[in-house]
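Some structures are shown below for you to check.
Same chain, two partners: chain A is paired with chain B first, then with chain C.
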Partner chain A sequence: MYNENLLNNLSFKEYRLDKLKKYNKLQIPKWKRINLQDFDIPDYREYNNLQLPGHEDLDIRDMGTVKEDINEFTRYLRVNEEFGVDKKFVTLTEALSNSGVIIKIEKNKRISEPIRLDFKMDNDNPLLLDHNLIIAKRNSELTVVMDYTSNTKVFHSGVTKVYAEDNSNVTIIKLQRMDEDSDDFDSNIAIVGRDAKVNWVSIELGGKITASSFITNLKEDNSKADLKSIYFGDKDMEIDVQYKMNHFGRRSESNINTKGALKDRAKKVFRGDLDFKKGASRSKGEEEEYVLLLDKTVKSDAIPALICGEDDVEGEHAASAGQINELKLFYLMSRGISESQAKKMIVEASFKPVIDKIPYEDLKEKVEENIHRRLIDEKS
Partner chain B sequence: MNKKILDIKNLRSKVDETEILKGLDLEMNKGEIHIMMGPNGAGKSTFANVLMGHPKHEIIDGEIIFNDKIINDLSVDKRAKEGMFLSFQYPEEIPGVTVENFLRNAKMTLTGENQGVFAFRKVLKEKMKLLEMDESYASRYLNQGFSGGEKKKNEILQMVVLEPKLAILDETDSGLDIDAIRIVSNGVKAFSNDDNAILVITHYNKILDYLEPDFVHILVDGKIVKTGGIKLAREIEEKGFEEFK
Partner chain C sequence: MEKKKRTYIADIQRGIYDQKNEFKYKYKSEKGLTSKIVKEISREKNEPQWMLDFRLKSLEIYNSKPVPTWGPDLSDLDIDNIVHYIRPDADISTDWDEVPEDIKKTFDSLGIPEAEKKSLAGVGAQYDSEIVYHNIKQELVDQGVVYTDMETAMKDYEDIVKEHFMKLVPPNDHKFAALHGAVWSGGSFVYVPEGVKVDIPLQSYFRLNAPGAGQFEHTLIIVEKGAEVHFIEGCSAPKYSVNNLHAGCVELFVKEDARLRYSTIENWSKNMYNLNTKRAVVDKNGTIEWVSGSFGSKVAMLYPMSILRGERAKAEFTGITFAANGQYLDTGSKVVHAAPYTTSNINSKSISKDGGYALYRGLLRVAPNAHGSKSTVSCESLMLDNESNSDTIPIIDLKNDDIDIGHEAKIGRISDEAIFYLMSRGISEEEAKAMIVRGFVEPIAKELPLEYAVELNNLIKIELEGTIG
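And then the complex of A and B:
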């Protein structure tokens, strides 16, 4: 079913063929950590729901129909190292992406208004393999918001590659609000140049299986990256998040800040790596994950790691899990607020700084409403 | 006209196996202001926390009768709904929740009545003016980044907005400069009426320059050892707690 015939009429045929060969050799992974086994990748379907946004100062193209500059873009599509949730899902999307965009911003262009991509999935579009390439040339500035939604059980495997060239500033805000029976595999990588900065914002709310990976390569001197994320798991959700900051450049800086809440029987694995490669002297990295456990039946694992191939670096990591601070609860309840309402307030408050990063009021409200509704739902 | 609002009989409590309150008796009527004083470690803050239902403190004997109801086993929020209020010695910071939203929410929960945004804002502004607080506090996150004095004023603001039947002020005056004590005391005085009662827990006397208590209680080692009027407080001011130990 996933064969060469599907590649007819698609751009980047040579690149895709190569990836398809790799894909066919790979096994579907088994992950003990979130109990992924005997997983079936659904049959290929077309995806026709993406409206390409327009902007006069940007080069925005559909990944499936690019005819020009193939060589230039292919150079960016090729990432030498392994990245993503798993090779199988990454090569699937690289070979057979049925959607995705290329956004290029030329040097010295700074665009303050965000570019919005709505990836809607539904009964007619139940499979999304989006391959996105975002290229920020020297001294440019760009914000892209990607909103993934579905109203029914769907499958999503996405790959997003970000190039932030010297002195550029790129912000990628990803929202995942898919249906609770859906499966989501999302792989992201950024390559950050000298004095450049990438800001990731990730909001994970939906899916039955939710796996996401954000890898950032701080390639040059003063490369910077900031990752802020929240996740909310309830019912039988399985959440697997992996954040990795690879420090290559001198004085490179990274920060990971994750907040989550788990309810019912939800399960989560957080893996956060700060990897200081040889030569990354005077670099700094910090990571912090805090999860609120709302029920005794949830399961939460955190594996923060600090890898130092260089002495002259500063790395800090912390991960903690806890019930809601009982003194905070006592304080709120002493004003008449019930225990469940107080818990809800504390969870919503801890998510707010990240939700406030969403530059659209309608999306902000939808995210808040989503969390609020599921917090009210006492037992599921 | 006086009506009993609080009746505490032989109250004993422990925290982590340590007994702190060791048989405390206290009666309060509507319209009264009581002051509770005592040396460090006497159990003053414990008493305030036990009354409100702090999760770490356990009642091992005795009864707290509030509004003619035994409330020993009542949850914290239900005690608040009965009309009890605690001004915290160390108020918690709640980032992400603004003072205005929090108070409006609490007011709606306590009264069971909707509070229109604009009508509530008007009331809030008036009360803030009374406490000489800048209006900008309304939109700040609850206690986050507040100085010690600002937190205490914020507690009193909550008291005057929520209008409890019994307000317990746990060391509200400590850490405040003279101006702040005056402002807080004026707030308390303006709040006091024939229908509510106020218990001020303190180990300073400064607040006595502004408030006229009906009763002064001396708490030592988990028990009230003497009750009197303002004269008792003056005595303490001169001689300290030594003779009661």
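And then the complex of A and C:
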């Protein structure tokens, strides 16, 4: 099924062939923290829902329409290190992406209005393997919003590679609002240049299995990265999020701030790594996770690791978990608000700062409505 | 960017710890590990059949398990080159004068007999594979407290030993627990009867003198309902060019309302693989307190574990790890909250310098029935140069919503502002740095009995002595 024949009419053939060989050698992973056993990758299907947004100052292309085998983007496709949720899913998408967008912003261009990419999945498009390249040249500024939705059970494996060259500022806002039976594997990597900054915003709401990975390589001096994320798990959802900041450059700075809520039988694993490589002197990293556990039956794992090969750094992480603060709850209830209403308000309030990062009113409302609806059908 | 000045710290002169005695023994097993050697050890100890069976079963498990690869590199550890059993040229005694001169001298310079007179209620001293001295104050004997070596306990309290021995750390737990089950020798047995409070600490000291040898002592402590005791474990060895191995096992049973404090100052030489397993199970309202200082060893994998199985049981862990040149110290703590309203409090500090690798690896698990449990974990690392490494990998695993968990970790170097401030008050740079390091470990030092706090400060002083560059 996943063989060379599928590559016939695709771009970057040589690159894809190489990845396909690797893909075929790899096993589908087994994960124990969230239960991934005997997983089957569904058959290849075309994806035809991509609509390219236009912008006069940007080079935006459909990955599938790039015909020359080797071109200016080839080098950006190659990432010489392991990244992502798992090699199997990453190589699958790298070999056989059926969609994907290349966005390039030239140097000194600053575009304030965001670029919006909607990845809609449905019965006719139940498989999305999107491979995206976002290239910000020197001294540029860009915001991209990627919204993944489905109205039925679908499979998504995405790879997004972000290059923030010197002094650029790139914001990537990812929303995952897929159907509750869907499986989502999303791998992201950013390479950050001198004085450049990458801002990640990740909102994980849907899926049955949701695995996402955001790796940021702070390659050069003064590079910065900021990651804000929220997740909400209910029913039998299984969420595995990985955030990794690799500090190479001197005075590089990173910040990870994650908030989540779990109810019903939801399971979650948070992996947050701050890795200070030797030579990354005077770098700073901070990491914080807070999860609200709304039911007895949830399961929450956190592995916040600090890895340090350089002494002249400041690294800090904190992870905490608990029920809703009783004082807050008591205060709200003393004002005549019911317990379930009060809990809902507290969860929503803790998510608010991240949701406010979404630059579109309609999307913001949809996200708020999604969380609100799932919090409300509480038994009480 | 201007290059920062760094403290250059010379490698540690370990003084008394490095005194070697001539290698004398009554009996030693061949190098390596075979069922023949295991049978010989058992025969030498004149053990009951069940223990021999247990040893042989453990050996089977040992052979079936792979060497763990998730931690430090153990490929340099060659079990076939380790002598697993050495009976020293001395019999167990309750009188220091009967201990052979060279062995007594070693313990003298470590200050053990002196401390016994001043501040300990009982002392055990192990030399290579066997205990050479064991004594306890008469008034404790009168209250029914048992403090003896494991070999004697095997004979005099066989039922209790059989009921508890390697039940908490079964041989199939991991490869080196199985190794311990097969070749264990020496160690201490403590039994504190119901309601007895032992005010002054008991201490066992483990000394490995032989080169290329292994020490596999077993410590079993049972603290009955409402009883209290403080047990101190010390270990050291002179440095040899061949690898030594320490795979001891500590099993602690803390019953209802009981309290046990278990303190360790480990200062093995830097040719030692310290693969020790320590575990405590705590019943209702009981408390286990771990105080752990890891200074020595080439490679350490040490994660004392507390299983809180009774309601309102409590665990406290205070640990410090100091990794210098050539050391890879992978230490941490594990806590399992297996009953409601249990609490744990973990406080770990690590210092790395001169290429040393200090790693905190922790596990905090809350079982579905452990509602109302609370835990705080705090890890701090201090790196003295950028040749060194310091990692923190805590795993938090929660299966209950009614809990209160907090974890924090910090990593960094001695802040320039703090040094500047102290120097502006007329304190030299060297002294300022030493003060900051002492302040950093102070929370640990104050948990130790005075003599050990002094030893800890000495060790740090030795480690920090050097030129400012």
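By our rule, the second predicted complex is superposed on the first by the 375 of 380 C-alpha atoms of A that agree within 3 Å, B and C clash if a C-alpha of one lies under 4 Å from a C-alpha of the other, contacts with A are read in each partner's own complex, and residues count from 1 in each chain.
As a convention for this text, contacts are C-beta pairs under 8 Å (C-beta built on N, C-alpha and C of every residue); 3 or more make two chains touch, one makes a residue touch a chain.
Model, not experiment: these values are computed from the prediction.
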(message) With both complexes overlaid on chain A, does A:72 touch chain B (first), chain C (second), both or neither?
(response) neither
(request) State whether A:122 touches chain B only (first), chain C only (second), both chains, or neither. (result) neither
(message) After the superposition on A, what does A:310 contact: first (chain B), second (chain C), both or neither?
(response) second
(message) Between chain B and chain C, whom does A:14 touch in the aligned arrangement: first, second, both, or neither?
(response) neither
(message) Output check: A:250 vs chain B and chain C. Expected answer is one of first, second, both, neither. What do you get?
(response) second
(request) On the superposed three-chain arrangement, identify whether chain B or chain C touches more chain A residues. (result) C
(message) Touching residues of chain A toward chain C in the complex: what are they?
(response) 250, 276, 278-279, 281-282, 293-323
(request) Flag every residue of chain C that touches chain A in the complex, lowest number first. (result) 1, 4, 368, 371, 381, 383-386, 388-413
(request) Spell out the residues on chain B that touch chain A in their complex, using ranges where they run on. (result) 52-56, 75-77, 79-81, 85-86, 88, 91-92, 94-97, 102-103, 105-106, 109-110, 141, 158, 162
(message) Show me the residue ranges of chain A that touch chain B in the complex, using the header's touch definition.
(response) 325-339, 341-342, 345-346, 348-353
